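When the chains are written out, they are named A, B, C, D and E in that same order, and each has its own residue count from 1.
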Amino acid sequence: MTAEHEQAPQSTRQPLLELKKVTKHFGGLAAVQDVDLAIYPQEIVSIIGPNGAGKTTVFNLITGIYLATSGEIIFEGQPLKKASPHQVVQRGLARTFQNIRLFNNMTVLENVLVGEHLRLKASILDAVFRPPWVKQEEEEARRRAIELLSFFGQHLVDRQDEYVINLSYADRRRVEIARALASEPKLLLLDEPTAGMNEAETMEAVHYIRRLRDELHLTILLIEHKLMVTMGISDRIAVLDYGRKIAEGLPDEIRRDERVITAYLGKAATADRQTWQVALRPQPEGEANNHHE
Amino acid sequence: MLVPSQILPQTGETRRLLLKWVIAFLVPVLVFTLVWSGEAILNAALLAIFFPGSFSIAAIAAGLFMLLFYGIITGLTGYLVAADSGRQSLLDLWISMFFFTVVPILLIYITANLFVGLAASVVVWAFYYYGRRLVRRFRPPAPLPPLPSLKVLDAEMRATLLTRARLGSFWFALSFSLIWLLVDLLFYFTGQYGQASLVFLVWILLRSVLLPVAGWLLGSLGGLVAIRHAVPANGNGSNGDRAGAPVSTRRLRLLSATRAREEARDLVPNDLPLRSTGARNFYLLLLLALLVFYPMIDPFLFGPGTDSRLDNYGNAGYYVILALGLNIVVGFAGLLDLGYVAFFVIGAYTWAMVGSPQLTVLTGIHINPDIWPWLFWPMLIVAALIAALWGVLLGAPTLRLRGDYLAIVTLGFGEIIPIVVQNLDKYTNGTNGLTGIYSPAFFGVHWNVSTSEPYYYLILVLIAIVLLANLRLRDSRIGRAWIAMREDEIAAAASGINLTRTKLLAFAAGAFFSGIAGAYYAAKLSTVTSGNFSFSDSVIYLAMVVLGGLGSIPGVVVGALAVYAVNVLVLPQLDALGNDPSSIIYPIYTHILQVIPNFSFSNIRNLIFGIILVVLMIFRPEGLIPSTRRRHELHHTEAEGVEITSLDTPPGAPGFESEMRVE
Amino acid sequence: MNEVMLQLEHVDTFYGPIQVLHDINLEVRRGEIVCLLGANAAGKTTTMKTIFGLVRPRRGRIIFDGQRIDNRPASDIVRLGLALVPEARRIFPRMTVLENLQMGAYTRTNKAEIEQDLDHVCQIFPRIKERLKQIAGTLSGGEQQMLAMARALMSRPRMMCMDEPSMGLSPLLVETVFETIVRIRSEGVTIFLVEQNASMALSLADRGYVLQTGKIVLSDTAANLLENDLVRQAYLGGS
Amino acid sequence: AGTTTGTSTSTTQGSTIIKVATDFPVSGADAGIGKSTENGAHLAVDEANANHVIPGYTLQFDPQDDVGASGVHDPTKGANNMKALVGDALVAGVVGPLNSNVAQAEMPIANQAPLAMISPANTNPCLTKEGADVGCTGANDLVPKLRPTGKVTYFRVAATDDHQGPAMADYLYNTLHLRTAYVIDDTETYGAGLAKYFVQEWTKLGGTVVDGKSHSVKSTTSYLNLLTAAAASKPDVIYFGGNYSTGGQLIQQQMMTIPSLKNAVFAGGDGLTGSSDFYKQIVDSGGKAYMTVAAPDVSKIPAAQQFIKDYTAKYGDVGPYSAAAYDAMNILIQAIKTALTKTHTPKDSSDAAQAQVFRQAVIDALKTITYNGITGKISFDQNGDTTNKIFTVYQVANVNGQPDLEAKEVVTVQ
Amino acid sequence: MTLFLQLLVEGLVIGSIYSLVALGYTMVYGIIELINFAHGDIFMMGTLVSLFMVTNVFHLTDVSKMSLGGMLVMLVVTCLASIVICALLGVLIERIAYRPLRNAPRLAPLISAIGVSLALEDIAKAIIGPNPVAAPYLVPLVHYSIGSVDITNTDIIVLVVALVLMVGLQWLVTSTRIGRAMRAVAQDREAAALMGVNVDRVIAITFLIGAGIAGAGGFVFLLSTNNTVFNIGFELGLFAFTAAVLGGIGNLVGAMLGGLVIGLIRALVTYIPDRDLPFGLPHGGVAWQDAVVFAILILILVFRPTGLLGQQLAEKV
């Protein structure tokens, strides 16, 4: 929505991630069918669609957890081919999960440190002999992890030694994002990052997602059901239904799209509820306003 | 950095606190002194110096140990007085003192074996913990004083603290020396010391003066350590080390109650001073002194038979290494390995084939028997490497397997290896095994099958190395990857962890240590036989790890020692004990014999062991010393499982092809 | 006023040493929709678990339909006519949808009635009907949520507790779920609802309670709560 | 304050307790033969103490059990026992072990100490002998490994398998006129060796050995597959080199379920003897079984009658090696007595230096000893082997209404 | 050829016994994900109970002297006794050693299972001693010759019993209410409780049935092999467990199949000639049979990571 984004004609720039006719079958079920999607640097793109439309499956395909039945996924001009999950991370993609998948018996800090795994160099022998550079590397890693946590405010930094299972749901979501950020991704995939949050918490989440883009210059691909999120922060929205992409466009276009209304939005879209107002209302803080001119 | 403001108020209360600590320490020390004449050993060492005729290195070393022992205890007293803010109630203190010092000393004394006594204490501890948990469930411990009342220690407070520490150990040493003095004088003048000279009399008098002074000094030392743990130099002197990191009240308040308590325990030794980092250092020092001097003091403590006891400890040692290795695979990486014995076999046979005349039989190479034993050192590494290689070879086919499918493959591997070793008898001598395996050689050490001391020190060093490696691995990038993988493979992969590599590394590392244990075993026993390695051994190793506490390094060490002591030392000897009229079980044994004429403990040894396993698991399902992680896990048993959270879920129903790719 | 269906009196619940619920008092009357609001980790799910005996309260009484249930096992409580749609759905992932529904009717024996209810449920959730033979674990999140509700209905409960039934559902489905809730109520089932989606929940509930770090801090009619400043600020994300 | 202070009163006088040890498999499956052998030695010690054979000293019986986790004799357990015995300075000598593979693990340890071992029942020749004539070459050339110091410290009163195997072969071939043998062994030192010597002799006599060699199988719970394969060649005899506990009992039992093996003879060495359960099983199943023992049948020896009486009174039935163990222990006691005339005993169990001297004296005494035992006149040759080599061939049958061994033939080797 | 067929029969028979034990393993595993190491020993107890019944209760010496009716009574009563006692034993073990560990870390019950297994073996050893004990024939042995292959009536009984039990169990688990409850408990204990399932009872029933089958297995084993030994359960249990995994753990048909496959491999391995590598193996196949079984197992699992019939449910991420 920023001027910059609107000016840049997307067709001329190279997309960061491109899906070409991606299809995934589970047995007889076509969970994803011929989906084309292009995401450009520093965009926030949302994927929405009814439950079971195949959104999460698209994420799983991108991140190498599933292999596409057909089609091609291209990242920075290079096909991802059969990259396994950790290779995908190495290429610069990181994700969160719909059902939070943290390492429950590890502390907040350790969770983030695991995310830094690829950035660290110490081999098993280095770990045993622990030469000075390894010590330094570890310290550096810790410092960075804390820095990442501080992205969500001092609050998480203070709780760095807490086992994640003791955190509130919202905090766990944050830790999961911090863990994803730790691998220094170029593209961040968030699967329903506000699920299970109440409206106040959701608002806050919207803020930091936007900050991720603005401050860390990340590109973000987002799955979300809450309209106050998708409509509020997306540059573009793609709509899936029964595995097919049925619409793509700016939030406002999507909101008015007949097919999307019948398949997904239901009366809510037309009812124009209060939540909408909330979502679209400009942010009170000055900082937030900056991104809204 | 934080000590309650009400620390050591200048009242009668303070004196009572001081007394509490002094008496608490006096008890175990007195038990030790009186039960074992620890002081007599000291005197003997002194006499050994003054009377050249009776000069004996062992006596002097033993005396040195005793000095260290009492010194450390005195220092510890000072430390604890400084660290304690009076939060620990007298009863709590006494109960823990009783269970953690008096009980082990008495048990060791009764069983006349350090090891068995400690193992028995471990069992007692398990019950103690269980009982305490029960009690606390019904009568939750009184809440700690509110944390916000903690404040930063200032110079004045430091001074008070230090004085108290000094006073504490001074009183301790004084009361102690007075008791010694009285007893010694009594013995001296009643002639119990025979023709002990005047020098001796001078020594005991001198000692009575020196001790309180030493107490004063050591107390200051302990106090300083305590304060250093409590207060960094400038109030926020952080060096990245958590123990020294500053902690803010705010932060403590933010933490959940349990976590805050853990935090406070590490950082502020006044919460549970007996378990603070500082106290732990003292214990470690004590343990180290004990381990190093042990062969010298053993004859003084338990009388003749040192060699065979050391031999036992040497055997226990390789179990510790095995358990530590298995812990990497099962505890850290979460890969259930039921065939761990295979790597042990590989390690053992590597040295057995190279370090015995079998090499000559097979290859015709004749190696000078003077040089041969030296080969042990490089072969120790080679054996470990070969085992690690096999670890990778075994790991490779199992990569796509999960949970119990993995377990069965490892089990199979554990079965195959001994069979192969047995059937390739052209090379390995089959069931009859290889004998005449060389002992290692080391400068000036007399080393053969009938000596135990060198093996004792060798295993100490090996354990130290393996322990260090384990600790470092655990706290490294690799260790984190293992644990992450255990927790959630998919999330781990999505965090950039190469599952293939990480799993193979776990197998290799585990096997590596097992290989070391194997080579040591072969050299120590001088014999290996293929029939001696079976599934049951793998199971025993697993029991050691689980019983001790999965993933917990100290737990695993204790587990290995406990299982070894119970299963290998105590149970097989019950019959001998039962037949010995001086043993405690003699009356029981004779009684049973009257009812069941053919009764023999050896026939129900597994029954007893089995029952112990079941009972211990029921009492401490998370292990004797659970890792902080696992301890945690247990308290969150009703974790909010979402969908299929466990990767080990059995694919029972007809369904779908495997989709998650793990190459 | 209708008679009280469910009543919690002075309930304290602990996880190990940690106290999660402090002196909870609440009641649900026959035919009502009562909703329980609260931030994350306030203890809403714990309240549900306590009612169903999945965690035991250390203190206090829970009474359902005149009977004390705080020391009975979950299976007994369910037999009394209480059903739970658990948080995160908790369907049986390796059973078919149909089998899941049959499990819902586990406590019942009358085959004909079960058949009838099956039809009824399929009517409410047409999507379920399409998928009766599918393995439930492979349903999408929303489908699973519907299944969980359908499964709970299969026990013909007199009262149904729902823990965040709208979590992760598309807007259309959220509508459906809430419509269903109203519909179930109209069929005579009392409903106790935990929701994050406070505005929606309050708009259809009769009464509500607000839970904050394990304590009930407010209880009022839904309409009043919607207007309450504290609620608006804390849960509705705005002034 | 305590007692260790003051002048040390070290006297030159050693301990008045002397430990004599045994090492046998006395629990688990081997208990049948192991316990009866241990009892023989125990009886000797009790009698020696009662008769004050060594005045001023008390002999302390120190029995060890070499049964390991597997439930049968275990070389590793044996090696551990031997280390413990070697570490106890008061132990003057060991009677045992029973099994050759255990001996193999124990001998190098005892040899380095040095500590005398006298086995009543080890029959594998390679424990003491080298050379092609007894089949102890290549991998079977054990002596250099078992005797690292090059000196003899191990003695035995049992004759060896290079005669035991042939003894049975001769009996089966010449007396029973059997011709085809299927040979199985349990892969152990003893079993595999015995089978090998049997095969050699059997072929030499002109008999047929199926597949020309012994089939090595480590003990399992089912030999059905093997026996099914064996049945295909319709053997007259199944010869098993091994112990009843390492397969013998199961093979005999499972053999009886296969129609074409029902009438075959089951035969083997001393490893099969000693278990009354097994005898009963054989008689009950109606099978024919023959076994050799590397010791004389003492029930026929007049000198042994007193022993049999005492033994039976105390422990019940005499086992195949009870008498041999009795003799072995008496020989050891004799040697200790001789040694005491040369040097003194160690001070206590830590006095390693004196232990070495004393034990060596015992060994030296053993080398030249001649003892008139209940099993005959025993002395040791330069390898430590007995000069009294006698075998007995038994059949399992009802003896006095009880399933037991019935002596068929006595073979004396010169 | 004859030998081959004969071995095939042999393999099928021993394989069915593995299957019988494997069924119980798989069933218990399916419900509480516990490798019940004591299962093999319960089976062993079944053989002991049967042995005790025939020798001490029926005083059987020679079955051919018995009347047909008497024999049938003896067989039925013995089998029932074995089933009932083992079933009770199973429930008792569950109550004592596993139930207190229901919420414990996963490996804790495994270790207590090992403890139970050790204890049971020693108890058995105290009863029958350390050596194998022969049992009298429970039915008059009838040999049938098909071509040159010899099959006995007991072989047929074993096969039939295994098959019948498998079919019965399969039916129980997939098509009955209690079976459904079992599966529900297996998948989500808490949710099952919320459906009104008494979880403890269902688990107890699972053990009851599993152990009962082991009891039946013990009886059949005694009937076909006429001997038992205190540690028979250990080795058989090991192979049965292997069979369960090979077939796809949790899958009853798989357990049956796995058992048969292992039995067959073990039998046919006899064919490997006694030669040094690579065309044979030193000492021939029999000496290697366990190694071959496990090697094949590993190979199979490499290509089918969830066993022959086990199918992995893809994890929904």
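The definition used in the following text is that contacts are C-beta pairs under 8 Å (C-beta built on N, C-alpha and C of every residue); 3 or more make two chains touch, one makes a residue touch a chain.
By chain, UniProt protein names: A, C = ABC transporter ATP-binding protein; B = Branched-chain amino acid ABC transporter permease; E = ABC transporter permease.
Note that this is a predicted model, so its numbers are computed, not measured.
S.K.: Would you mind naming the chains that touch subunit B and likewise touch subunit D?
M.R.: E
S.K.: Looking at C-alpha means, what's the farthest chain from subunit E (ABC transporter permease)?
M.R.: Computed centres place A farthest from subunit E (ABC transporter permease).
S.K.: Report back the single chain whose CA centre is most distant from the CA centre of subunit C.
M.R.: Of all chains, D has its centre farthest from that of subunit C.
S.K.: Looking at C-E and A-C, which pair shares more C-beta contacts?
M.R.: Taking the two pairs in turn, the one with more contacts turns out to be A-C.
S.K.: Report the chain ID whose CA centroid sits closest to the centroid of the full protein CA set.
M.R.: Of the chains present, the most centrally placed is B.
S.K.: Determine the centre-to-centre distance between subunit B and subunit E (ABC transporter permease), using the mean Cα coordinates as centres, and give it in whole Å.
M.R.: Centre-to-centre distance between subunit B and subunit E (ABC transporter permease): 40 Å.
S.K.: With chain centres defined as C-alpha means, what is the inter-centre distance between subunit A and subunit E (ABC transporter permease) in Å?
M.R.: 51
S.K.: What whole-Å value do you get for the distance between subunit B and subunit C if each is reduced to the mean of its CA atoms?
M.R.: Roughly 50 Å separates the two chain centres.
S.K.: Hey, what residues on subunit A touch two or more of the other chains?
M.R.: 26, 56, 65, 97-99
S.K.: Which subunit B residues reach two or more other chains?
M.R.: 256, 419, 422-423, 425-426, 490, 603, 630, 633, 636, 638, 641-644, 649, 651-653, 655-657, 659-660
S.K.: Note the residues in subunit E (ABC transporter permease) that touch 2 or more other chains, in rising order.
M.R.: In subunit E (ABC transporter permease), residues 183, 187-188, 190, 283, 287, 290, 313-314, 316-317 touch at least two other chains, as defined above.
S.K.: Which residues, counting only subunit A, touch subunit B once they are in their complex?
M.R.: Answer in residue numbers: 26-27, 63-67, 84-86, 89-90, 94-95, 97, 99-106, 110, 113-115, 117-118, 120, 122-124, 126-128, 130, 134, 138-139, 141-142, 155, 158-159, 161-163, 165-166, 179-180, 182-183.
S.K.: Sort out for me which residues of subunit E (ABC transporter permease) touch subunit B in the complex.
M.R.: 29-30, 33, 35, 96-97, 100-101, 103-112, 114-123, 125-126, 183, 186-188, 190, 238, 241-242, 245-246, 248-251, 276, 281-283, 287-288, 290-291, 293-295, 297-298, 301-302, 305-307, 310-317
S.K.: Which stretch or stretches of subunit D touch subunit E (ABC transporter permease) in the complex?
M.R.: Answer in residue numbers: 27-29, 31-32, 71, 187, 211, 213, 215-218, 220-222, 224-226, 228-229, 232, 244-245, 249-250, 253-254, 257, 259, 275, 277-278, 281, 284-285.
S.K.: Taking the complex as given, what residues does subunit C use to touch subunit A?
M.R.: Result: residues 37, 39-41, 88, 138-143, 145, 164, 167-176, 196-199, 233-238 of subunit C touch subunit A.
S.K.: What part of subunit E (ABC transporter permease) is in contact with subunit D in the complex they form?
M.R.: It comes out as residues 2-3, 6-7, 10-11, 14, 129-134, 141, 143, 150, 225-227, 229, 231-232, 235-236, 266-267, 269-270, 274, 283-284, 286-287, 289-290.
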